[in-house]
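What follows is a pair of complexes built around chain A, which joins chain B in one and chain C in the other.
For the complex of A and B:
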């Protein structure tokens, strides 16, 4: 298992905007560099990209949760 | 007006509460959970927590805010700027609930919120506009022929955009049709309205604006401001009056802004924004903001008029207290926006706890702050902490005074934009008024020592 961590503090979102589909779901195959979420801080939005390839196992935080730098956002089964 | 609900946070909530108190109006500020003990909350007579931290659940929660007003005996709502201040639906709901809305009516907000309708009414009122499609671009129209008349480069703008959002640049004819297509798609998904219009692009434009007041019967201006020092379309330094503006241009924008207010029977404070092309000495309409602006203090200190007081008078009595002939302009004012961002790290936001905060005190220095020592700067809201306003006899003295005040200000615990404000005020381009609204983006080594 590998963790995708947030590089910055802010609020985690799984979707690019209200009413839009999530960037990724549990069970999806994801690639290195793929956008898996957004962290918003003071109205600035930063895309979170995966640094591993594999299958998205689970989300460690919920939509709208506060994250700190180094917090795990997503757990990935490598392969 | 006996008890006013302030539907905002930070420095503008503190600012509104101050004038309301001077007028003998009780205040109630709404707050999100983490803001329950903020400086704004403590500046008002009462505070009501309307929801959790995310703005959609609190400061944008229309029903919770109206319920807070009704449950607590408020008779009026001041929306400040941002959040719900230009939301016509909210203005309408406030009035339908039997409360007084401190601002222009929903119809005026709606018209000015639609950028192509606003441009059209401006044109009809005699406000200079940029060459463009004069209203929404008809999807059936010959866009290529229209664009040839306007000239390249040009911009495609979303009718529902504004504030620097929903704008696409077109260098030449080859890019036009694809860009229009893309802009329509983007506008539909971002703003829920695919309408776009075309406008000539001005290189190195300055941003000037006119403060207006109307009470439905009388319409006046309180002079102009220049807000050309911007970063990514967000204002950084503002001043009044606008420097280095030909008399004829100044007169045209002031008088035509009053005409625009008259045309829509405007009631409240508003700002008509212009793009100024210094190469051709031409000003052209951008948009009208139907609320109090962040930079209103520079106008207040050079005119001596309290704009929030006028807003509250217009809303409560139907009349403003000043006439055009009462308005006099004295000296020059500069406002610096102090944001919790790190200018040494690409303006990265810097939330945290303010451990030390010491403001500079001196003649002609005004601080409009939303924080104090011990305040927590939340990641949930925008990064502006305070505005430092300096009023002196001349522009040179105001620049000097602003520098002195910034050097005498200490904020610790979060990174702030004070270092970049010092650099900008010290630039020759700024003192010579050779800066423009993309100036900051064009300087590579702004933060390096000279």
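For the complex of A and C:
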């Protein structure tokens, strides 16, 4: 298992905007560099990209939760 | 010489000691949010306190230098990398032409500073190189850095003389804690709070929300209550409103009585919210270091205590520089 962590603090969102589909869901195949969510801080939205390839196992935080730098956002089953 | 910005980070800006003297026409002072860290970075590389540095917020830049350079990274704890290899913070680093500087995940606090011998050499605007992004003045073209920017670095001062020590001793490095006690002087409008409201302000636990930037920091907590009154002509209808007035740097307003906002270096100079207190100047760097989630208590002090604290901070800076062998 590999963790995708947030490099910055802020509010985590799974979708690019209200009413839009999530970037990724549990069970999806994830590639290196793929955007899996966004973190909002200082009125800026920073895309969180996966640094591993595999299957998205689970989300460690919910839509709208606050994250701190280094917090795990997503767990990926590598392969 | 110059730095070439490969990736800019979240909000990397050129800052110095600030642009004072124009607040009366609505231009805030700007400048490094954590002046102490920026100043010691400058001291490490043989600059005076006046040279401009790069202020990095949460996510740092990746940059290369086009000539040999002497740099130091101070401020919030973060892994500093030169050509991918970890290097110490609060320490003078020698870079060779072509070297790449990058950063790991920030370990606490909010901002770290890249000081370079000779300083960042952007034109002064109204006497300062600081970036005021909202007003699009100063710094590098009035904005935060972007990929592809070629950021000029000045000529070393004093023939390139460097202080004797190459690192700031541990005892002079600030603590980046998730708990803070911030000293404030009450006023001008604390009399508008109920006893319970004032009690909440001074004894409640307030947490920094993610709504925090160079303009100000918003805190969530127990909220406050205002005394009933008939609002005067010119003031808004909410009891937290006043007839427009000037805002002191560091002043605390509580719109609606829910979430206090501490105004910081890029804040507006006036408006219509009652200021219940003002953070003392000696604690403004401390507030700047507060990351979202930081648990904060506001402690009321007298003006005499505030001035004593300012003097104490100034002495501490002098001692830190003396420990480096810097003037």
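Following the convention adopted for this analysis, the second predicted complex is superposed on the first by the 79 of 79 C-alpha atoms of A that agree within 3 Å, B and C clash if a C-alpha of one lies under 4 Å from a C-alpha of the other, contacts with A are read in each partner's own complex, and residues count from 1 in each chain.
In this section, a residue touches a chain if its C-beta (ideal position, glycine included) is under 8 Å from a C-beta of that chain, and two chains touch if they have at least 3 such contacts.
Owing to the predicted nature of the structure, the values given are computational and were not obtained by experimental measurement.
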Superposition-derived comparison: chain B or chain C, residues of chain A touched: C
Partner chain(s) touched by A:64 [first = chain B, second = chain C, both, neither]: first
Touching partner for A:5 - first (chain B), second (chain C), both, neither: second
Chain B versus chain C as contact partner of A:25, first or second or both or neither: neither
Touching partner for A:44 - first (chain B), second (chain C), both, neither: both
Shared contact residues on chain A - chain B and chain C: 8-11, 40-44, 66
Residues of chain A defined as touching chain C within the complex: 5, 7-11, 40-44, 46, 66, 68-70
Chain B partner contacts - residues on chain A that touch it in the complex: 8-11, 17, 40-44, 64, 66
In the complex with chain A, residue positions of chain C that touch it: 10-11, 57-59, 105-107, 210, 212-213, 291-293
List of chain B residues in touch with chain A within their complex: 54, 190, 340-341, 348-349, 351, 379-383
